[in-house]
Amino acid sequence: MSSGKPPIFRIEALQQHYGGRRALFVPHLEIAPGAIVGLMGPNGSGKSTLLRLLGFIEKPSSGLIHFKGRTAAPFDPRIRSRVTLLPQDPYLMNRSVFDNVAYGIKLRGAGSDSVQRVHRALAAVGLAPAQFARRPWFALSGGEAQRVALAARLALEPEVLLMDEPTASVDAESAERIRRAALAARDQWGTTLIVASHDWSWLFEVCDAVWHLYAGTVFPAGTRTFFPGPWEQAGEGAWRRRLADGQWLIAPAGTDPSAPAYIESQKLILSRAPMVEGSRVVLKGTVLRQALIRRTGKVVVTVGIGELTLTAVLAPETLRNEGMAPGDGIFVTYAPEDVSWIDSS
Amino acid sequence: MEFLLDGFVQAIILLVHLDPETYSAIRATLWSSSAAMAVSLVLGLPAGFWLGYHNFYGKHALRTVVDTLLSLPTVLVGLIVYAFISRQGPLGEMGLLFTLPGIAVGQAILAWPVVVALTATAVESMDRQLSITLRSLGADRRQLLLSTLWEARFGILAAGVTAYGRVMTEVGISMMVGGNIKWATRTMTTAIALETNKGMFATGVALGLVLLAIAFAVNVSLSFLRRQVR
Amino acid sequence: QQTLMMATTTSTDDTGLLDYLMPLFTKDSGIDLKWTATGTGKALKLGENCDVDVLLVHAPPAEKKFVEDGFGINRRQVMYNDFVLIGPAGDPAAIKGKTVKEALAAIRAKQSVFTSRGDKSGTHQQELALWKAAGGPMPEKEPWYVQTGQGMLATINVAAERNGYTMTDRGTFIKYEADHKGNPPLKILVEGDQVLLNQYSVITVNPARCPKVKADLAETFSKWMAGERGQQLIAGFKLLDKQLFTPNANE
Amino acid sequence: MEFLLDGFVQAIILLVHLDPETYSAIRATLWSSSAAMAVSLVLGLPAGFWLGYHNFYGKHALRTVVDTLLSLPTVLVGLIVYAFISRQGPLGEMGLLFTLPGIAVGQAILAWPVVVALTATAVESMDRQLSITLRSLGADRRQLLLSTLWEARFGILAAGVTAYGRVMTEVGISMMVGGNIKWATRTMTTAIALETNKGMFATGVALGLVLLAIAFAVNVSLSFLRRQVR
Amino acid sequence: MSSGKPPIFRIEALQQHYGGRRALFVPHLEIAPGAIVGLMGPNGSGKSTLLRLLGFIEKPSSGLIHFKGRTAAPFDPRIRSRVTLLPQDPYLMNRSVFDNVAYGIKLRGAGSDSVQRVHRALAAVGLAPAQFARRPWFALSGGEAQRVALAARLALEPEVLLMDEPTASVDAESAERIRRAALAARDQWGTTLIVASHDWSWLFEVCDAVWHLYAGTVFPAGTRTFFPGPWEQAGEGAWRRRLADGQWLIAPAGTDPSAPAYIESQKLILSRAPMVEGSRVVLKGTVLRQALIRRTGKVVVTVGIGELTLTAVLAPETLRNEGMAPGDGIFVTYAPEDVSWIDSS
């Protein structure tokens, strides 16, 4: 976070409330220019809310967002033309595909190359301009519409591109194309990218850093596993929770038995053979998925334990040495004191 | 009954070789209604957008007031405008009484709530995503207004056409403010009222049909706005 | 070219008298005359508010008050026509040939429908005066006494639809007759009574109250109407070969 | 100018202790306009839904015709209705002339195109997904119609309120068909026209304000429809 | 396809055209009652179109769909209450969450248990009724809205449930819950399910059979890899196409050089060591992803070759024997004559 350049976003005590419920609370956060940050987290964890706030589409209930060192607000002319958001729900205007993509360019006063820019943007998301540019907005499949909406943002060559689930209804090939377009944007225009997605392997592939959101709280960098409540007493200073398959989670006693807890992935030990070691908790699980992060050569592993899914990023050698293929039963071991509570106050 | 048929025949005759009296009334109607529509659209569209787009305390109450103004009786508008532009009124100096601009002022007042209420409804019924989309693509406040109105154009068109119908057909203002002066402020509707008062029902019907024909021509020329995408 | 603004009652306009006179007046005087035809009450009100220069109306009591109150000057009688009582050919109240007083009494006694303009126009005021003269309480909420609040023709039409009686000026009735190709459902039943005279006057709006009023042009018009040329033209105005107005500026 | 103030004062007096004449006119206005609205909604909502929901050949042309009917002059409607229900007319037997039901018929004709055009616009502006959703959840044609109208309720409300304003304030039909007969078919608007013609401008203004007050009361009682979700 | 029961859907010569373009063509197809069929295919391949037609939401341009042996059309009362579609774009009505879910039940004339049914449906998609039922429709995150829309369909206990990308913006835990709800529907009510999704591993997990769609054509059962054009001449009776990484695809000469071709996955040989064998084509690729199909114990493997992604379902032993972990380079070998052309006439 302390690179030479000043952060492009600095967030101070940001809160967003909807109808009395707090949807997001970010005490402090900085994002470096040119970074590609991924946001992951369950439904309703606040990803879209954070993106809307960073895109200055909504006003926060309280707190400040500094853009390049200065506080900013919706309609700030410094921001309008530089920060763009691809909303989760892609909305196309009642115009042709071409006009939808060209809209933002025209707002700025189109240069003479606007047609090329539109065509380039369409090609970048895998839509042949000759085939799609003249179509009306409604003559598109779901994934095509999603990609047109993205093309409209890419055409702006923005300084900050916020993408809310850009690959949600997009085929694998296009997801790959979107990944390349995102990286190209950073390389060509220095674009800072912030991307929310439920496709973990895609997210790890694209992003320099992936942040976890849970119940409105942001956990920058590193993967985590979240243990939702409710918890019950388990003797001296410990709480426990029963999983669907009958195993027990153990955590140090907290303050609110309905609160969720979490543990960082690097504090988990994954092994084929059970580890028996004093006060540690040992859980049996199954390897569900493995996905290569081509950029780093590491592998994202998803393990199912009861109804929980646990995600860790491992080196391929670790996998090969332990011999963990999908379907293999493995053991996950952790120390209860490594479990932390999420403060929901 | 037969005066309907007579009126129909007479209407065709009137349209085929326009006599100068009818022509003068058509001109007066088109002049005042166009001017009134221009004013009420310029003042009504932004107000309607504002009312439909924003959420603020008292919005519902304001909507109810605007809706109430849809029931503004034309004669009342006529009387109020008359009070201001009568020679002894505060704006008497402007000499608007018994003129087409005077009528247009009154008709603009009549049309304004229609434009505002229906524009607000049209804007309100737009997907909430539209605003997010426009703003995320870099629209400033003015562009947001214009693009939203353009996206809501079917609704806005309905607002305009409804207001236009109200203005075209009103009698009270034209009568009170315009005075139904032959060759000058006699509009189609005051002419119809006059003919009907004289018992010339067929002529009244004929003029009414001519008025409808004009409205039809205006609507046809606007129907390009109905096309979906270019 | 100078413009003179006049307020007048609908009867002068509806009969076509003004369309006939005004081009000739303009030719003679070089004055462009515009008029607005409304109810008598509104015409007087427009004069009171200085919005017109001259009035041509037919409600002598109201006119006199208008002048007395200082709103108008130089009231000149220019012409008259007369009122008639009309009713269905069957004449259920049997008023044909009676005097006005007897006729109204018969209508009241028979409770035959009688339509009244009820609009404070000159005609209405005249009708009210006739009822007063006929004695008895003024009819108001009587089911047979229908107040239309509309112009003369509409009131005649209501009477025709309801098979009732009404009082009208002769000019309007002649037009009505013509519209029905000479065979209207309602016929003249009472006419010629002295009390049925309908006097028209020209009044100049008082320039002392209304500085903008073109009193000189109004005078020109007033004099022209009362003068020989105007009087002759009025006498010569015919509808369906019937004279509608009798000039009487000299009386 | 001062007649405006007089009118305002008079309006308050009229409202505070309702004199029987005004009361009769209010009653006539409410009766005929309510009946007219009921008829035009019952006949107009399905027609408007049909026009807005379906795509068919000639739809644009039909929309243009309906839009043109928004410019139907009230006197023309009055004359046409009069032609049918006059004693010599084909429906003369029904004895509708100079009655409130007669006025209501004419006003329903006046309001119908407003309801149809604005309902069609409201339905058209609904998300295409709505229809898919309703049908995928098992709606039959009737339920599709009712649910779509309910989802479009802000637009439908605007249609109703606009049509109501048109009906409440029209003079031509009430005059021609109703005859402005005191104690019977004299409505607020014909009363205003009459008073104005009499030169009783203050009374005209007062009655106009009373009419607005009635409209306000009606709109307030409808504003529950504006609430978002229950 | 020849089980004892008659098919619930039988499609004959079904075509759907949009503005002159053919979006779907299905000569003949049958779906057995109680089946769970997955649809996969790139954007614009016709998945949503097929689902809308099967849901009797749209009328086809030509062809027939028989439902339980009888031809049916939109608004058919036999169908309305039995077949329900979850559209790709979940649309909520301007009502509370509860009323949205209860809508369909009320249409049928609610039984006295409608409140329980709504609450059960909400719980099935992981939304606590106490927390969500009273919320207005707009106070939801993207994934929550998607799940409310699904709950509205589950509450109907339909005979046929068509789901268009039910997990598109849904978190991993909810995707698992939706899987369980789908299976429960089949088991409890005998529901036939047809599901379109881009999440292959989820789809294989849920479905008895996964069908491929490509350019409006349906390929029932078995996985395939598609090779889009354009192709060029490569000597005697062969066409070829260059991939982004410089390797060449070879196919037998077809009729239209812009047409796509495909090969069935079982005709591909995956191996760590290169196979050198006569006329075969050998391509180098990388293992990108592996996902367990818990239901069968098999593993879906995705291999990247240039810009293509190739999917195969393998037994876990095969993987373990060959030692193919994510990131491993592998060789894909096929015989050119196994490549087929897609008829785009």
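Lettered A, B, C, D and E in written order, each chain numbered from 1.
Definition applied: contacts are C-beta pairs under 8 Å (C-beta built on N, C-alpha and C of every residue); 3 or more make two chains touch, one makes a residue touch a chain.
Note that the structure is predicted; figures quoted are calculated from it, not measured.
Common neighbours of chain D and chain E (chains touching each): not present. Inter-chain contacts peak for the pair B-D, counting C-beta pairs in contact. Separating the CA-averaged centres of chain A and chain E is a span of 25 Å. Separating the centre of chain C from that of chain E, both taken as means of CA atoms, is a distance of 87 Å. Taking the mean of the C-alpha atoms as each chain's centre, chain B and chain E sit 54 Å apart.
Mean C-alpha positions place chain C and chain D at a centre distance of 36 Å. Chain E has residues 89 in contact with two or more other chains.
Counting partners per residue, chain B has 86, 88, 127 as the residues that reach two or more other chains. Touching two or more other chains at once are residues 38, 150, 154 of chain C. Looking at which chains touch one another, you get A-B, A-E, B-C, B-D, C-D, D-E.
Within the complex formed with chain A, the chain E residues making contact are 18-19, 41-45, 47-48, 88-89, 139-144, 147, 164-165, 168-174, 176, 198, 200-201, 286-292, 294, 297, 299, 302, 307-309, 316, 319-320, 323, 325-328. Contact residues on chain C toward chain D in their complex (touch as defined above): 38-46, 48, 118-121, 141, 146-150, 154, 158, 161-162. By the touch rule above, chain C contacts chain B in their complex via residues 5, 10, 13-14, 19, 34-38, 49-51, 150-151, 153-154, 156-157, 175-176, 179, 210, 212.
On chain E, the positions that touch chain D within their shared complex are 52, 55, 57, 74-75, 77, 80-81, 84-87, 89, 91, 93-96, 99, 103-104, 107-108, 136-137, 149, 152-153, 156. Within the complex formed with chain A, the residues of chain B that make contact are 127, 129-130, 132-133, 135-141, 143, 147, 151, 228-230.
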